[in-house]
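Below: one structure, written as C-alpha cells.
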Amino acid sequence: MKRIAVLTSGGDAPGMNAAIRAIVRKGIYDGLEVYGINYGYAGMVAGDIHRLTVDDVGDTISRGGTILYSARYPEFKDLEGQKKGIEQLKKFGIEGLIVIGGDGSYRGGAALTKLGFPTIGIPGTIDNDIVGTEYTLGFDTAINTVLDSVDKIRDTATSHVRTFIIEVMGRNAGDIALWAGIGSGAESIVIPEIDFRMEEVVKEIRAGRERGKKHTIIMLAEGVMQGTEFAEKLKEYDNFHTRVTVLGHVQRGGSPSARDRVLGSLFGYNAVQLLEEGKGGLCVGIVGSELAYSDISETLNTKRDVPYLSLYQINKEISF
Amino acid sequence: MKRIAVLTSGGDAPGMNAAIRAIVRKGIYDGLEVYGINYGYAGMVAGDIHRLTVDDVGDTISRGGTILYSARYPEFKDLEGQKKGIEQLKKFGIEGLIVIGGDGSYRGGAALTKLGFPTIGIPGTIDNDIVGTEYTLGFDTAINTVLDSVDKIRDTATSHVRTFIIEVMGRNAGDIALWAGIGSGAESIVIPEIDFRMEEVVKEIRAGRERGKKHTIIMLAEGVMQGTEFAEKLKEYDNFHTRVTVLGHVQRGGSPSARDRVLGSLFGYNAVQLLEEGKGGLCVGIVGSELAYSDISETLNTKRDVPYLSLYQINKEISF
Amino acid sequence: MKRIAVLTSGGDAPGMNAAIRAIVRKGIYDGLEVYGINYGYAGMVAGDIHRLTVDDVGDTISRGGTILYSARYPEFKDLEGQKKGIEQLKKFGIEGLIVIGGDGSYRGGAALTKLGFPTIGIPGTIDNDIVGTEYTLGFDTAINTVLDSVDKIRDTATSHVRTFIIEVMGRNAGDIALWAGIGSGAESIVIPEIDFRMEEVVKEIRAGRERGKKHTIIMLAEGVMQGTEFAEKLKEYDNFHTRVTVLGHVQRGGSPSARDRVLGSLFGYNAVQLLEEGKGGLCVGIVGSELAYSDISETLNTKRDVPYLSLYQINKEISF
Amino acid sequence: MKRIAVLTSGGDAPGMNAAIRAIVRKGIYDGLEVYGINYGYAGMVAGDIHRLTVDDVGDTISRGGTILYSARYPEFKDLEGQKKGIEQLKKFGIEGLIVIGGDGSYRGGAALTKLGFPTIGIPGTIDNDIVGTEYTLGFDTAINTVLDSVDKIRDTATSHVRTFIIEVMGRNAGDIALWAGIGSGAESIVIPEIDFRMEEVVKEIRAGRERGKKHTIIMLAEGVMQGTEFAEKLKEYDNFHTRVTVLGHVQRGGSPSARDRVLGSLFGYNAVQLLEEGKGGLCVGIVGSELAYSDISETLNTKRDVPYLSLYQINKEISF
C-alpha cells in the first residue's frame, strides 16, 4: 500500500483533528502518502481530494471541528455513488481509506470494503452510541462542555426556588445525559434507554424541596422529548418554576479534552496499521481499556449494550 | 457610623461577591461591623440579617452568583415595606446600607435615603444598562461567556451552509449583543436601540454566501424578539438553514473575569467610603475610566445614552 | 454498621470532593451517619472529627481541592498513633473508615484494618501511580490542565525558533507527561520509566528544525530531573533557545473534569457498599473499564505495571 | 492611498489577530489592498510581504498569537535598515503602514514616518506599559490567564500553612501584578513602581496567620526580582513554607478575551482611518474610555504615569 485517504462524515466531533493528524503523520512516518477528502462521502464522489503534508496538520490537535469538513450524504447508500467514489480514489492511486464518523460513515465503509476497497472505521461522534467501543471520539469533550455550562447555571440558581431542565444531545443514547447528570449532581436524569414516569420526577423534586433544596437540575436527553415539552408536562403537576436550557450546538465544539486527543491519536495510529496489514472492513475501538477491532458489518447489526446504566441507579442514591 | 449592611437584589451577576468581599473587608479594616442581608429587600423586610466576618468572604472573589442570594421583591416600592425594612435594620444598630443590583435596587435605595436611611447603590447586572456607569458588574464576564459558546459553535459551523442565530440577554440594552457580536465576528448584530430591517440582514447573509462564506452568525438581543421568531421571519425570504441557540441563564454565571473582580472591589471599597463620609442616595460607577458618583434619583430619571453605538457601524465595516 | 467516616490524605486532587459527596449521600441514603475527619490522619489522631450532612456536600462536586483538607502525616506509621486514631473514631461510635489518597493513605488503611478497624482505600492523586486502578482520581483533570497551559504556550511559540521544556508533576510515574505529551503533540517525552539519551532528544529537535518546524515542545516528568537542569544539559549540544516552564501546583487544582467527577462518585459509592458488606482492607479502582477491588496490602507490595507505555512509542511515530 | 501594510513586532499578545483582521477587512471595505508583513521589521527588510484577503483573516479573531508572526529586530534602529524597509514596501506599491507592538515597534514607526513613510502604531503588549493608552492589547487576556492559574493554586492551598509566591510578567510595569493581585485577593502585591520593604510583607503574612489564614498569596512582578530570590530573602525572616510559581510564557497565549477582541477591532479600524486621512506618526489608544490618538514620538519621550496605583493601597485595605 502506497497511498491512503481519510475523510470525516456525519456530525463533527472534537478529536477528529487529532485522529486525522495521527493518520497523516503515522502514514508519512511509514513511507505512505496520505490524502484528505473534504466533505465526507460527498467530497469523495465529487473528487474533492488533496494530498496532506505534515504541515497541514500542524497545530490542529487542539482544534475542535474537522479540518476536512464533514457532511451528511445519504445518497452514498446507492451502489452507483459507491462505485463512483472508488473510481475517484483510484484516480489518485489511493488504495485504502479511513472514515471517521458514526453509523452512516460505518455503513459507507462496509459497502466500500465489500466492493473490494479496504476501509477502516473510527468512531467519531459526541453521542457515544457506536457499538464496538466504550468511548467514541468527542464524547469526553462534550460532557465536559455540558458540565461547564451547568456549573454556570448553578451559580445563578440559588436565588429563587427553581427547576432547571437542561436538554442535551443524544437522540438514541443517553450517555451524555447520564455522565453529565452524575457530574453535575443532577437530581433527575431522563434518558431514552430507561422508561421514566413523570410522577417519579415530581417526587424527586418535592423530596429535594422538603429537604430545603433551593434548586433542582433535570438532565434530559433530547431523544426523550424536547425540554419545553418536558416543562409543560411537569407543569401539569405543580408550578416548579422551571427554566429550560437547550445546550444545542455548543456541545459539538470546543478544543478537545486530553482524553479525546489521546483517543484520536490512538485510533488514527491503529487505523493506519490495520490498512498496512492489508485489513479492511474493521472499526477500531476501546474495549476494557484496550484498543480493539471489530467487523464493521457486525457492529452495525449489533444492538448496543449500554455499559453504564448502573450509573443511573447510582445517581438516584447520591443525588436525591 | 458603626454598623453597615449590604444586600444584592434583582438578577445576580458575576462580581457581586467581589463587591461584598470588599465591603466587608474595607468596613472591618476601618473598624466597622458589617452585616449581610439575605435575599435582597425581601430579606431586609423579613429580618434575614447576619453579621459578616472576614472568614465569611474568604475564597469568594472567584465565585459566580452571590453569597447573599438575590431576589426580586416588587412589593418594596410600598412605603410600608420600606419603613418595615428600616425598622429591621435599626434593630441591629445598622446605620448605612449598600445595595448591589439594577434599576429596582436603585429605586429601593433612593426611597430608603429619602426616608433618612443613607443608602449607596452599586451597579450589578450583566445587562450593562445602568445610567451613571460605563460598565456594570457582571457585563465583562457575560460577554466572555457568550464568546466562549460562540467559539464552540464556530468550530462546528464549517461543515454545512448554515446560519446561526445566537439569542443573548438584554431586554432593553443591546450591549451584550454588541460587544459579543464584535468579539465573535458576527455578520449581523440586532439590538433594541437600532431599528433593523430584515431585508438588510438578508442582504448581509447573501453577500457573505456569494463571497464563499460557509456560515453566518447573527447576534440577537432578546429584547428585539425571540430567536425562534427571528428564524421564522428570516425563512420568509429564503432557506438559510438557520439554527437557533438561546444562551439563557448560562450568561449570568461563571467565575467573574479579572475586570469584574477588580471593578467589584473598587465599587465595594468606594461605597463604604461614601457611607463613612455620611453620604447617601448616591451610586458608584466608572466614567471615563475613573470612579465617579451620581445621585441615584437623577440616574433613574435619565435616559441612557448608549456610549458604544459606534461599535454597530464599525462591525458592519469589518464583519461583512 | 451505623457510622462511617472519611478522610483525605497526602497531596490533594480534583475529584476528592466528588468522592466525599458520594460517600456522604450514599451513606445517608442507606441510613448511615457519616463523619468527616479534617487534615487526614493527623486530624484523626487529634480528634478533628465532625458529622457531615447532605448540605455540607452541596455544590461541592465542581470544586477542586478537598473540603476535608488534607495533610501528610508520616507519624501515622507508628502503632501508637494508629491506636490513638482508632480510639478517637470509637469515641464517635464510628465503625468503618474510607481514606482517599495515595500510597501513604493506603498504608494507614492497611494498618487500621489489621488492627481490626475496617478501612477502604480510594486512589486519589493526580500522579496516576497507584496499583489496582487504571486511573486515579485527579489524573484526568491534571492532564487537561497541563494541555490548557501548553496550548497557550504554543500560541506564542511561533515567532522565534524556540524549544519549550515543560516540567510536569510525576516523581515516579510518567503518566502525566505521557498523556499530556501525546495530547499536546510534544516532540519529545521524557519520563522516569524509560531511559532516555540526550543524543536522541537532540536528534529529534534537529530533525524538526530541518523540516521547517519553528518550535519544539519537550514534556518532562519532574522525576527525571528539573527543567532547568535539563535545559543546561541540552545546551551542551547546541543552542536550542530553550525556555523552561514549571507548571507546579497549578496542576493539582481546578474544577474536576467530567471523568473525575464520575470516577469520584463511583469510587465513593462503592467504598460505602464495601463497608456495608463488612469488608475492610480493600481499595477500589477501575480495571478494564470496570469497577474492581484489590487487597490494599497486596497493592502496596506490587510493582506497578505501567499500562500505557505503548503511548511512548506511538508518540515517536506521530510527533516527529 | 491604495495599498497599506501591517506587521506585528516584539512579544506577541492576544488580540493582535483581532487588530489584523479589522485592518484587512476595513481596508478592503474601503477599497484598499492590504498586505501582511511576516516577522515584523525583520520581514519588512527581507521583503517577506504578501497580500491578505478576507479569507486569510477568517476565524482568526479567537486565536492567540499573531498570524503574521512577530520578531524582535533591534537592527531596525539603523537608518540603512529603515530605508531598505521602505524600499521593499514601495516595490509592492504600499503607501502606508500599521505596526502593532510595544516601544520598539513605536520607535520603528516614528523613524519611518520621519523618512516620509506614514506609519500608525497600535499598542500591543500584555504588559500594559505604553504611554498614550490606558489599556494595551493583550493585557486583559493576560490578567485573566493569571487569575485562572491562581484560582487553581488556591484550590490546593488549604491543606498546609503555605505562602505562594506567584511571579508574573512585567519588567518595568506592575500592571499585571496589580490587577491580578486585586483579582485574586493576594495578601501582598510587589511591583517595580513602588518600593517595598520585606519587613512589611513579613508583617502582612504574620497578621494573616494570626487571624487564622492558612495560605498567603504574594503577587510579584518579575521586574522587581525573581520569585526564587524573593523566597530566599523571605526565608531570612522566618520559614513561611513558600512555594514559587513562575507563570512564564503561558501569560502571552490564550484565546483573547472579549475586551481584547473589541479593543483590537477598534484599534485596527481606526488605524486604517488615520492612514486614509493621510496621517502618520500617530498611535491609537483608549483614554478616558474613548479612542484617542497621540504623536508616537511624544509618546516615546513621555514617562508613563501609572493610573492605577490607587489599586495598590486599596488592596492593602481589602486583602489584609
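As written, the chain order gives the labels A, B, C and D, with residue 1 at the start of each chain.
FYI, a residue touches a chain if its C-beta (ideal position, glycine included) is under 8 Å from a C-beta of that chain, and two chains touch if they have at least 3 such contacts.
Protein names from UniProt, one per chain: A, B, C, D = ATP-dependent 6-phosphofructokinase.
All figures in this text were calculated on a predicted structure; none of them were measured in a lab.
**Q** Report the chain whose mean Cα position is at the greatest distance from that of chain B.
**A** Chain C.
**Q** To test your reading of the model: what rotation angle superimposes chain A on chain D by C-alpha positions, in degrees to the nearest 5?
**A** Rotation angle, to the nearest 5: 180 degrees.
**Q** Report the inter-centroid distance (CA atoms only) between chain B and chain C in whole Å.
**A** Computed from C-alpha means, the inter-chain centre distance equals 39 Å.
**Q** Distance-wise, how many Å sit between the C-alpha centres of chain C and chain D, to the nearest whole number?
**A** Inter-chain centre distance comes to 36 Å.
**Q** So, what's the distance in Å between the C-alpha centres of chain D and chain B?
**A** So the centre of chain B lies 28 Å away from the centre of chain D.
**Q** Enumerate the residues of chain D that touch no fewer than two other chains.
**A** Residues 151, 154.
**Q** According to the definition already given, which pairs of chains are in contact?
**A** Pairs satisfying the touch definition: A-B, A-C, B-D, C-D.
**Q** Can you list the residues on chain A that touch chain B in the complex?
**A** Residue positions touching the partner: 11-12, 14, 39, 63-66, 69-71, 145, 149, 151-160, 164, 243-246, 248-254.
**Q** Using the touch definition from the top, list the residues of chain B that touch chain D in their complex.
**A** Touch residues, chain B against chain D: 21-22, 25-26, 29-30, 54-55, 59, 61-62, 134, 140, 143-144, 146-147, 151, 154, 179-180, 182-185, 211-212, 255, 257-259, 261-262, 265-266, 268-269, 286-290, 307, 311, 314-315, 317-320.
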